[in-house]
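In the two complexes that follow, subunit A is the common piece, with subunit B as its partner first and subunit C second.
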Partner chain A sequence: MTGLWSLFLTAAFVDNMPLILFLGLCTFLALSKRPESAFGLGVAMTGVLGVTVPLNHLIYTGLLAPGAWAWAGLPALDLSYLSLIAFIGVIAASVQVVEMVLDRFFPAIHAAFGVFLPLLTVQCAILAGSLFMVERSYDLAQSAVFGLGSGVGFAIAVSMLGAIRTRLDYAELPAGLRGLGIAFILAGLMSLGFASFAQMAAAQ
Partner chain B sequence: MTEVLLGSFVIVALVVGLAVALVGLRRRLIPASGLDVAVNGALHLAARRGDTLLDVLQDGGILIPAACGGSGTCGLCRVTVPGPGAGDPQATERGVLSPRDRRAHIRLACQARLRGDCAVEVPEDALGAQGGFLGTVTSARMLAPLIREIVVDLPADHASAFEAGAFMQITAPPFGLDFATLDLPPAFRDDWEIAGWRSMRVASETEVTRAYSLASRPEDAGRAVFVIRLAVPPPGQEHELPPGLCSSWLFAVQPGEEIQLSGPFGDFHVQPNDREMVFVGGGVGMAPLRAMIHQELARGSTRRIRYFYGARSAADLFYAGEFATLAAAHPNFSWTPALSDPAPGDRWTGATGFIHEQLRAEMRDHPAPEECEYYLCGPPVMVSAVLATLDRLGVEPGSIFYDDFGA
Partner chain C sequence: MAERVDYAAILTEPLIRQNPVTLQILGICSALAVTTTLATALTMSISLTVVLTLSAGLISAIRRHIPNTIRLIVQIVIIAALVIVIDQVLQAYFAEISRALSVYVGLITTNCLVLGRTEAYARHHAPPAAMVDAFGNGLGYSLVLLVIGGLRELFGKGELFGAQVLPLADAGGWFTPLSLMLLAPSAFFLLGLLVWAVRSRVPEQIEPPEHTPPLRTEPAE
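Showing the complex of A and B:
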């Protein structure tokens, strides 16, 4: 249990997707203008990562990994080269589900996403979650915790950036820094802050 | 071989399984049950979740105007939707509707997708349009190389005493047109050959509806007069980009043919007061201004009326003789055409330059330009230049009325 909790914290803070690994920056910057849409993105990312990583784990270990077909008398069979296309298929379906759920129950958040919700299908942070799961040889429980932790970490980072950018509406910024300029600087400063979590992990 | 077959099977099974799961989930989450759209508290229309409000209203015979064909740019299809059934305003609507409009629950019908039952309030004139009607073309003639006047006889039971400044919608049926087959007057043939417009082709597989201002005068009672500009692609792109669908069809209609119309609509009208009026137009922005000026003068109005009209060359200047005659007959009316690029053969002795420069030159000497009312209609770039000029003259926005769609 301690190991899973540690994995969750590591995924959320030490290996934070946008701020440490710099993954998913397009939606991270585009949807952090308002706290509501930032929080909505965080929830959607948590949902999609939390579902797709364990689901992809089942598909990978059950169908694609080397030796997955040993029970059928094919111990040498290796379909892992199909991982990418299988993972993307599962992610696309999960995003569709999230889109339908938001459209039905949270239309305001659905409208705030606009074109960025379907774009979650090709969001690098979401695909990276499944690829890391394979690379790090997580089991099912670890995959679920890692996916959830990565999503929560993304949600925390994007909500923080959204909150700070809202406060910037009242700041007198130089014209050249307004908009994405100051957002990049803020993301960089937050990244420095999150880098300190790695030091804490190393100290342990 | 086993690896290839098994790999293909796994991927196909995965994709089919996901698709089946998604279809099942969609049926459960987004049921295709019928929705009810209550129009002005009286009429009830059936709709499905995801339909646009514009489609539902138009299918129900309520012809809400939409000059842009439903892309959310013209801002004409305004309706009031107080409830949540049509969702929240889209980003496209926020660009067109003011915060005051949005607080008043005004939506663009073409952008509002139905999510539940809703009540809609539409303008009474849209309800009165009652699904449109057929008019018969009585005359069609070219006024300029790209401008055609079309006069349509309205049905006897259609009220034709509409207010000047209004517009109607014209629906073009599916058609195909080779521009080489158009019968052009000799005066404009050279312009078409040089510009390469004769080689254009256009086809539409569906009906297309667009809005056109009425240029009718009081003596045109019972008829609708349109001044249509053919929307041609930018030079050099005649074969890559199609010309305007509805305007192309209108360039081919002949006397005796029937045209499907709806309307009139619009709120671009002369304000009922005694203030001096200044009209500024360009291109087919002539249409509503012509109607307004004729209506005002026919009423015997004593208001001072000035009309500034900008064209590129003498070939693009139409109705000039008509306005010169009006100016001679009415001491309170003056007409100032200006050519921005007169051709050498024009022998033009009038004003030259852009129309906003001419307006500024004349109104600068006016004792109180801010006391006048301004009516603008023309290409968006002309309207924005005139607005900037009026701002420099100290005219308040509340004294300016303009219409820059479809010019």
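Showing the complex of A and C:
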């Protein structure tokens, strides 16, 4: 149990997706101008990551991993090179389902997301969650915890950046630094803060 | 279709003026993650440029036959297939670099730069123009990657392409490596400063302020 909890914390803070691993930065920067949209993105990321990583784990171990077809008399079959396409398909389908569920039961949230929900399909952080899960050979429970933890970490980081960027509206920045430039510098400072979590984990 | 296409302009625009990374905010994730050394940055640049150019050509060639409703899926499958090929080639011939890049080669599939260019350009233009545009964007992306990768490797380790350039203090030289350069925050800082530098040279890229700061009426002391 402690193993899962520490995996959650590691995924959320030490290996923070946008700030330490540089994943999902396009939406991270594009949607963090306002805190509301930033928070919404964080929630959606958590939901989609929490669903797709365990789902992809089932598909990978059941169909694609080397030796997965041993029961059918094909122990040498290795379909793992197909995992990219399979994962993308699962992610696209999950995003579609999440979108339909939100549209049916929570229309207000759905309206707030607008066009950004379908764009989660091509979010590198979400695909990376599944790829890391394969690379680090997590089991099913670990995959689920890892997906949730990464999502929560993303949500925290993007909400913080959104909150800081609203305040910057009133700062008098050098013209060339306005917008994207200062967002990078801010992300760098936040990344510096999150990097210290790695030291804490190492000292433990 | 008879009008002449200015290939030179399509090719050179994305280098600085329309740079995919510093202006269009496309493909940033990989741009920062793989730049700890110049070799990984170069490998990533080449892989991305190849995938981008080929997928733009393919998608542009069949653009009149893709139904609009499923075009995203078709495009992603084409891109993913190309990425799988690149990934397998890297694993076969450049195993060490492929391990250093880890999942980031696979992530070219969801690199917004690839999908962004196919959506914005290749879908509406003939294959030659689409491929030139994709190649130009690949070069613009590579330019940023190589600048950041070079700076990080030079100041983080005193090396370029793994060869010692600055003599290290440990080995009797004068240079003390800045290990911060190899960590995540420095990549953000460098890209932020790069954006600033580019925008000081090309002022039309400067974003308009969302709010004008309140005028100072009290005397500044």
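FYI, the second predicted complex is superposed on the first by the 188 of 204 C-alpha atoms of A that agree within 3 Å, B and C clash if a C-alpha of one lies under 4 Å from a C-alpha of the other, contacts with A are read in each partner's own complex, and residues count from 1 in each chain.
Just so we're on the same page, a residue touches a chain if its C-beta (ideal position, glycine included) is under 8 Å from a C-beta of that chain, and two chains touch if they have at least 3 such contacts.
What you see is a predicted model; the values in this text were computed from it and never measured.
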Partner chain in contact with A:64 - subunit B first, subunit C second, else both or neither: first
Touched partner set for A:77, first subunit B, second subunit C, both or neither: first
Which superposed partner A:131 touches (first subunit B, second subunit C, both, neither): second
Partner chain(s) touched by A:104 [first = subunit B, second = subunit C, both, neither]: first
Subunit A: partner with more touched residues, subunit B or subunit C: C
Partner chain(s) touched by A:85 [first = subunit B, second = subunit C, both, neither]: both
Common interface residues of subunit A - those touching subunit B in one complex and subunit C in the other: 81-82, 85, 92
Interfacial residue positions of subunit B with respect to subunit A in the complex: 2-3, 6-7, 10-11, 14-15, 18-19, 21-22, 25-26, 29-30, 84, 87-88, 90-91, 115
Of subunit A, residues touching subunit C in the complex: 19-26, 29-30, 33, 81-82, 84-85, 88, 92, 121-128, 131-132, 135, 169-172, 174-185, 187-189, 191-192, 195
Residues of subunit C defined as touching subunit A within the complex: 22-23, 25-30, 32-33, 72-73, 76-77, 80-81, 83-84, 87-88, 102-103, 106-107, 109-112, 115, 183-189, 191-193, 195-200, 203, 206-207, 209-211, 213-214
Subunit B-facing residues of subunit A, complex: 59, 63-64, 69, 74, 77-79, 81-82, 85-86, 89-90, 92-93, 96-97, 100-101, 103-104, 107-108, 111, 114
